[in-house]
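Quick one: the structure is below, questions incoming.
The letters A, B and C name the chains in turn, as written, and every chain counts its residues from 1.
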Amino acid sequence: MNRLQQWLPRLVLAPSFFVILVFVYAFILYTGYLSFTDSRMLPSYGWVGFENYTKLFALRHWNTALVNLAIFGVLYIGICSVLGLFLAILLDQKIRGEGFIRPIYLYPMALSFIVTGTAWKWFLDPGIGIENTFHNLGWTSFHFDWIKDRNYAIYTVVIAAVWQSSGFVMAMFLAGLRGVDNEIIKAAQIDGASPARIYRKIIIPMMRPVFLSAFVVLAHLAIKAYDLVIALTGGGPGRATEVPATFMYSYTFTRNQMGVGASSAIIMMIMVFSIIIPYLYSELKSGDNR
Amino acid sequence: MKMRNFALSASVAAMIASSVTIASADDVEVLHWWTAGGEAAALNVLKEDLAGQGVGWKDMPIAGGGGTDAMTVLRARVTGGNAPTAAQMLGFDIKDWAGSTGKLGNLDSVAEKEGWNDVVPAALQDFSKHDGHWIAAPVNVHSTNWVWINKEALDAAGGKQPETWEELIAVLDAMKANGITPLAHGGQAWQDATIFDAVVLGVSPELYKAAFIDLDEAALGGEQMVEAFDRMAKLRTYVDDNFSGRDWNLASAMVIEGKAGMQMMGDWAKGEFLKADQVPGKDFVCIRFPGTQGKVTFNSDQFVMFDQGGASEAQLAMASSVMSPTFQSAFNVVKGSVPARTDVPNTDFDDCGKKGMADFAEANAAGGLYGSMAHGHANPASVKNAIYDVVTAHFNGEYDSAAAAEELVSAVEAAK
Amino acid sequence: MTRSISQDNAVSSSRMTRALIYAVLLVFVFYYLLPLYVMVANSFKPLDEIRGGDLMALPKVWTLAPWASAWSSAQIGVEPTGLKPYFINSILIVVPAVFLSTVFGALNGYVLTKWRFKGDGIVFGMMLLSCFIPFQIVLIPAAKVLGFLGLAGTLKGLILIHFSAGIGFSTLFFRNYYAAFPTELIKAAQIDGASFFQIFRRILLPSSAPIIVVTVIWQFTNQWNDFLFGASFSGFGTTPMTVALNNLVNSSTGVKEYNVHFAGAILAALPTLLVYIVAGKYFVRGLMAGAVKG
């Protein structure tokens, strides 16, 4: 009986761990193996060494994709965090109608981008969207055609992505703010600290765990950004908004170059892990010491 | 308490272990991407026809990316040992599947009985057969070298339908002078490539064949190719600034409303015009891309059968229904394309459809039928997409024409 | 917002500042509502009006036809069924998958915080990292494994694949929540002779409501909106909502009925929207109660 009690926790954990082990880690190993093969339309197992990797890095669009992920990831995570925190602070000022505003900020997360993408695409289109509307209203010098400009199109992807997730991040921060012990704040107010100073010096530093959670959620969404790009720009103009997820999909499934697709997946994963593992490690470690 | 949780995990395990129900032998499960509107309704004709013969239809529609999502799903299903009975496929995808799986059904018996060899053009048969055996039943033939012109805008620009590149430019210039966008275009890689098909064919059919079908390096990087890219750059000057990312049907709408003069697009665009109650010859004009008269770049949707231990009765029945002249007529009238067999009467088709059928027959007789590069009928997917990359980059001004031709050679080489 | 969670963090401020705060909040209300407005406004327009007109304008002619069409008569594949029949498929997939990933997430969180063993950090780390894997990578091998298990094209297969994609996040949520739970209570119960599951059921579960809400919302949203797995691993009769929606809107050479597309998109999103609006209140409370603690 005691024996069982001792092993039970591990037994309970086992199914989930096993599923993860197979469906994630074994599959990554398999993809890793494919990246060294001559797979084209379907997996095949002729060994070609590093050829796919050589091809990959010779492709101009792969570099574009990496640069875009960096731009997108930094801006998206940064803006969502800052905006989320900002809105949460405002909403935490005993706002009348909070129950009305909050779901409005939150709802975009509930929508699939298959069609919201179309709404955004129209909205950002200079011919029929916001620019046109302002022109009709008489503000003819208004100019907003980023989605058509290959140097700026990636930023429109950021705008739509921020729209989708910043409300969710706001909710996380709002929860964090509500969890702050107000005795501390009262004490600071008695000491004569200004509101801005209280937020800067006391409350925001206490949000550290929220930043971690927000980072995990946002980083995961940034890496997986696929639907968004496909719906909004289709990777264009030209291939200017290609990101690794779309690159991987197109080489694996539409271009019948599965080997190259697999190698791009592996490179992408190595990069993602090399950023995320140290971050999670340090954060979780400090969490344990609490 | 413990028992309940064990029961839960046990039931999960049981769920994982239980097996699939296999589609009954009398049904066909069909993967396709005609998922909405009229074309899906047209496919229902086929379903009804099969139902009349006691063959059930299990529908597996997957839309997106002109069939690319459906191909992804097909790959997942074949890899999982769960191939559908039949799948819609295009051009080189058929060749690739036939070459890499060898798991396709053989339709020779029905083809022989119904004499497909005599009524299906050889250029199409090239895709419907593998190692001399019929593996696919062609449903339709789209042709991509069409130009759709707003009649009013054309009349204002002189009224003469352009027949050469120079005349085309003259009309475009006149339209520009009249204050409309001369060319309605959507900046998506496949749309750029669709125009490029026609432009290259217009420069010279030999160039088209050597560059796109034979993938000849000299042709890909040659002077004529530079000329073709120059013409693309010229066409770019007639497109409005907001073209990038626009869906093709919105470009059609611009022509319908008279905001733009013309669109260069495959025959599926006709559906948009008809849906807006436009009459061919009266409200809009359909012509072949100037300089490509008598020649047709085509793409053809076909149903490929997956092997179920020799082609089943249901598969043969489906193939036979697909090839029946009544279905070929009914479906293609709706779809905007032309029948894949040359002996179907043209009575139900509108003027553009009749012209399409006549052009197709003429091109077939004179050897002017070419697989469309843009739509995967000239070379494999990897090469096609490599060409897309260069054409799109050039159209968006990243290369000049000479650099584009040079880049085309290396991109094709890397993708082979 | 209920009393219990609205704390007095608000800093005292002048009338001017408060007006400014409301103004800023209102601006963002517009920002978030704008795309929804575009969708809703256009879903009530006849197609002609969309083709010709200003997409920001309200309909000149109001029509419900697109909604009716999207729900029950639009052509999806060869059948003119609308989205209606696909709802039930989505529910049959999502409800069990959400249930399983929540139950196992809770148990995993419990074990990882209260029954720690050597190497539990690595186990948790691996589960956490699994959240970052782009699903496209696992598509082909997952198809192989599902085929091997005989689950290709079945509801069970889809449930399994959603479970594998969701369990990482569930475990993360519950682990962080339970980490804040006093271990002394558990120790005391153990001394009293309570078993592993008794402790979970009697001590942890009763106070887990907020985090269960968070997990359910998160899993429900992700699984309801999934397209890739639904398209690749569903079969005839198991096709989920999103795949049907995509079939409705993404047909490449068909005529595009944007009004029907927008109506369909809103219909497809209703269950998640409903979950957000109804459970939104508990959502913030749940996050507050633990999900956001490191």
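Definition applied: contacts are C-beta pairs under 8 Å (C-beta built on N, C-alpha and C of every residue); 3 or more make two chains touch, one makes a residue touch a chain.
These numbers were taken from a predicted model, which means no experiment stands behind them.
Contact with chain A and chain C alike is made by B. Summarising the inter-chain contacts, the pair of chains with the most C-beta pairs in contact is A-C.
Rounded to a whole number, the gap between the C-alpha centres of chain A and chain C is 15 angstrom.
If you average the Cα atoms of chain B and of chain C, the two centres end up 36 Å apart. In chain B, 5, 12, 65, 72, 75, 79 are the positions where the chain touches two or more neighbouring chains simultaneously. Residues of chain A in contact with at least two other chains: 12, 15, 43, 249. Annotation for chain C: residues touching 2 or more other chains are 139-140, 142, 160, 195, 246, 249-250. Against chain B, the residues of chain A that register as touching in their complex are 12, 15, 40-44, 55, 58-59, 61, 121, 125-127, 145, 147-148, 150, 233-234, 236-239, 249-250, 253-257.
Across the complex, chain A meets chain C through its residues 5, 8-10, 12-13, 15-17, 19-28, 30-31, 43, 87, 90-95, 98-99, 101-112, 114-116, 118-120, 122-123, 128-130, 132-133, 136, 163, 167, 171-180, 182, 185, 189, 195, 198-199, 203, 208-210, 212-214, 216, 219-220, 223-224, 226-227, 244-245, 248-249, 252, 258, 265, 268-269, 272-273, 276-277, 280-281, 283-284, 286-287, 290. Residue ranges on chain C touching chain B, taken from their complex, read 48, 51-52, 74-80, 100, 103, 139-140, 142-144, 146-154, 156, 159-160, 195, 197-198, 201, 231-233, 235-237, 239, 243, 246-257. Per the touch definition, chain C reaches chain A in the complex via residues 1, 5-13, 18, 21-22, 24-25, 28-29, 31-36, 38-39, 54-56, 104-105, 107-108, 110-112, 115, 117, 121, 123, 125-142, 145, 160-161, 163-165, 167-168, 171-172, 176, 179, 195-196, 221, 224-225, 227, 242, 245-246, 249-250, 258, 261-262, 264-265, 268-269, 272-273, 275-277, 280-281, 283-289, 291-294.
The touching residues of chain B, when paired with chain A in their complex, are 5, 9, 12, 65, 68, 71-72, 75, 78-79, 96-97, 100-101, 187-189, 240-246, 380-382, 385, 389, 392-393, 395-396, 398, 414-415.
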